[in-house]
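Pasting the structures here.
Next come two complexes, and both contain chain A; in the first it sits with chain B, in the second with chain C.
The block that comes next holds the complex of A and B.
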């Protein structure tokens, strides 16, 4: 059910199984760009990446607390929920995997506490690690060693999104709360338990990072498996910290749980780790129900948000907008729709489609469960592109706020860059819908293409593979056409 | 490595302190300090929920729980003043007609500035003149300008009252009284409809230049029975009872009161004014807008609500007691 065991320190010695991963080309970026390798091996790399972001984040919290309480005049709202979100979902995740995790300030103080260092490495021994770590360093409970907490946390947050998308103080509570939880958990649990199992942003990043066009992997996995005895990528060394995400690069075959912190690059004694460029949707494995449900939840939220924020139904918008309308019954209905769609309706349709796929393929040895989980990968590119299609109009409509708020970040009447009075104006609104159509069709294409690739790893016979994918493919097509209908009116 | 580590640690610690310090330094030193020396820079925050332009700094930490009080701005004659007006929620409009300030549109989150010189000692009222919420009509305050060497006089307190207990809706007169208070009718028409709230645009001779308005004060409501041609207390009571009964039985026959159809016509005129609103007439067409306009209540009040208000204001008339009248005759 969970995805953690393959990554744990204790099971690092296990030999990798045949993953059934679709094989793709890859380009070694460290080989092509030597400076990139040098930069990533530099000990100050992580600190220099995260420190400016930490300062910006603290400033955003300050602005949320003491700046204007009008959302579109406060930098915390405009830069976090419009600008950052757009960059994250549209560029960072699809093009650079979990690069955000390198920059993310949430775990900064917790990690500082655990390491008592910002740049240097401490040699020593802590559990299975070859680094000296501080704090209680407890193991995360096994029952929670999956992404269910992230699934439910993200769903819960998004249910009340109208509150924190418009109210700076609520954004402070949400972001500050996550910051605090990340810090407190670091006192008790080893390394980045928060990022791995709790952070709601991490959950969907991990899922959609499978589509990313870069990956961090072993140059030659055989060197890791057969020659490397120390497994320093996982356990650390005097050159680098043990992987904060509990990953062993020798067995790592997906982007899901690699935070790209580059500690493994520094600690690898064989210089056998690199960053590779690869095609879109390079990882094709969903490994458990928790990940499948993450895909369902993300798709459901993209649908509900598109209907609520971009659709013509004012009543639904009023239900979501509890802060202004204060209709608790409406919010209850809205929350019910979101949770039912994400946790029951879409999974039920997917289960039915998987069962039909099994019937059509006519191969008894491959279970409905296996089809259900593995084919749920189809919803990864589909969901990601639906989110991008949803996010583009947000930035195109609200982009001018970014220009004005950068001059007056607290809404106090400043004019730092002379752009504070730039009037609100949507950017090229007439082209938005064409862009959305292209993005959605691109998503559908990759959903079907990768679905077919996965089916070929399950079935020997091509016609069986095709028949098995038809029902889930139809579901994907129906979803995309529903989005198209909504966006094109 | 040790030096790097120390520098990194120092950077983090400094940044924790530097953010509030730099923000405060820039705001107070540069933004507020760009006006000529000696200028009084006063920031007023508009808060719809409290119905107040307040001097308290309003932000996310206090908006949701604090009841802000309207600011009374005390100035000395000759002060040069910059008012920084900032809306914390919805669209407001700042207007101090006697000081020739505004009306200034104040959009949510934006800061508008008004400059003036405190020339003539006196107590001047300022308003929000854009309907901004339940407390809009209470959103008024004072600017007190004191002559040099004198101490300022404290003006009467203003502010939105939130603690009106709603009576049962079927008690029509009590319901009308509740709506009259809750919706701020009393802010213009006076406590118990006694009127007398001066229209500040009406200038008496010797006051500030021009404009004199047609009406010097907002109409009183405690004489409405008289203007409806309800001559006897019993007639007024009968008419109010008829209004109450009409709610349950719309086709009820007319009551037996003299000149009922004139009374009804007057009543319908009053209802139309509440429905549609009425702009204050200006004696000088080029003069500034009067701040106390009667808005349209069509959307916010039901027909029953409006009838209830009419019933209530009819009851405000202070009838001479019959015995006293008879004594007077003798």
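The block that comes next holds the complex of A and C.
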């Protein structure tokens, strides 16, 4: 605004343009719970976690292929899109980071092909790794070494979500297709290229894992940087595979790309890696436009889902329901609105707010781009809490289907546990709105609080920092108001 | 000092959350008889949204335009089953038992304010779990309070972090924040 103190520009130049990391207390869970460390170091740990899940997943595919065509009578729909989704977004991501990646069956066969082992480790040399790996082990193309594929893939997938969320056979096509792509890519590209750059679930998990209340980190990063010459966490050793996610724990300061496979815990020669408990929103650093757009896309999709699946408007549901209604013009409008909102409208509003924030702060040396990208973190807690607010009604209203479908998973008239005839009954649906209000206001608070923490990494003067987040803060409040209107208004 | 600022923040949120409901409560309506004819089709109700006042007596008739649908009204212990081409529909109160009785209309007085969804309770097709409409009972206190609360969270968080920064800055030698 031009009325800042004369030295503010210099201050800003000297401002710590560091990682944007908010340092807070953390508790070493391996130290507090020795069994956990022992368990994570156990070589069978990941196989035992993922194998039952693989069996269940294959059964779901079978159910999708041969079971009832009615979604709420088929286990693949009820367990994947209601139960799993609810657990993932409400508990796993905020409380346990990317723990789902430990359990995920998608990379099972691909990883086995690369390692030719389910439990043991193969020493040897493959590229820069100290493990013997099979397959072509090509490097992923540099131009695609970001999460743009995941951004666009997830947006494209969700444009047709009304189809696969409700039709078992389409769920099989989507889930089976991802399973196949993960396996095929493992033949060509090294380690978990699919998880890192392609998997649509991985993209938003990585973004929202920044809020998680646990992290895997070096106990003392200086030990990694100064004493460790081998970097076994990244390259592997006879005790563990090199990080499938290409992460070097010594410099890892975000949860985004750590799949919690615990191979680094096994291979670290200095016993310097642990899992820590920490406060909500511990990582506050968005790096690059691809991650910013992931935040915009997730927010837009939360809103679209709230309108389409929880709203009263049948016309919009008809547009999305192309398989039955066959209104191609409607689908075009629906898809156009989603893509425009996610890729253009929200980013444009955010860019305007960032520019206004720069004006209000009155510091020219900090670019609008930097403000735009860094402050887009504010949409991470906001988006996550909006998704949680969206997901609670799903489980509270449709939860009783879980009880009935578990007795009759294929909709063939079985009654395995005597619960097949449990009638549909929502659980206190009239109180859902109060829960949603609390969640959304909590999300807004964290967006503003962490936005301020980030602004302090840009501006040394605290009043400049506060002024700079006012426009983006107002945008966040408007977004929350829009969700409140949809859920409670 | 920090505790005082936190308390100040909470007070601001609460005040902002209380103002809209208090203002809305002064303009009271209700007590009228209101009739609605709700038509169900795959996967929507028409009208999708009905707005009434607390205390109104609602007379709702139901019809299905295609297949058998349900009408479960949240928070009102009402569950109906609507068959296409039939003037009457089946009604039950889930808390009282499972028997349906044939009726021409469902009559009840709305006693609680807020948003209550009416949902299809009879599997009617692929998008059945998402077939719903909305009954808005005014004044919609939860929404009004939440809207005020949103403004409150925005103002209080920015104000508190500003004041916390200012106090900190004032307390530093030379007034430098660092």
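We adopt the following convention: the second predicted complex is superposed on the first by the 471 of 489 C-alpha atoms of A that agree within 3 Å, B and C clash if a C-alpha of one lies under 4 Å from a C-alpha of the other, contacts with A are read in each partner's own complex, and residues count from 1 in each chain.
Everything below uses one rule, namely that a residue touches a chain if its C-beta (ideal position, glycine included) is under 8 Å from a C-beta of that chain, and two chains touch if they have at least 3 such contacts.
Quick caveat, the model's predicted, so the values are computed rather than measured.
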So in the superposed three-chain picture, is A:103 touching just chain B, just chain C, both, or none of them (first/second/both/neither)? neither
With both complexes superposed on chain A, which partner does A:411 reach: first (chain B), second (chain C), both or neither? first
Just to be sure I read the superposition right, which of the two partners does A:477 touch: chain B = first, chain C = second, or both, or neither? second
One more residue to check, A:331. First (chain B), second (chain C), both or neither? neither
Based on the superposed arrangement, let me know which partner A:167 touches: chain B (first), chain C (second), both, or neither? both
After lining up the shared chain so the two structures overlap, which partner does A:72 touch, if you call chain B first and chain C second: first, second, both or neither? both
Between chain B and chain C, which makes contact with more of the residues in chain A? C
Looking at A:384 after the superposition, I want to know if it touches chain B, chain C, both of them or none. Which is it: first, second, both, neither? neither
Considering only touches as defined above, state whether A:426 meets chain B (first), chain C (second), both or neither. second
Can you give me the overlap between the chain B contact set and the chain C contact set on chain A? 70, 72-73, 167
Write out the stretch or stretches of chain A touching chain B in their complex. 43-44, 47, 51, 54-55, 58-59, 62, 64-70, 72-74, 112, 117-120, 167-169, 172, 410-414
Sites on chain A touched by chain C in the complex: 70-73, 162, 166-167, 308-315, 317-318, 321, 323-324, 397-398, 401, 423-426, 429-430, 433-434, 437, 440-441, 444-445, 448-449, 452, 460-463, 465-466, 469-470, 473-474, 476-477, 480-481, 484-485, 487-489
List of chain C residues in touch with chain A within their complex: 13, 41-46, 48-49, 72, 74-75, 94, 98, 112, 114-117, 119, 121, 123, 125-134, 136, 140, 142-143, 145-147, 149-151, 153-154, 157-158, 161-162, 165-166, 168-169, 177-178
Which positions of chain B touch chain A when the two form their complex? 1-2, 4-5, 8-9, 11-12, 15-16, 19-20, 23, 26-27, 31, 58-61, 63-64, 84, 86-89, 108-111, 113
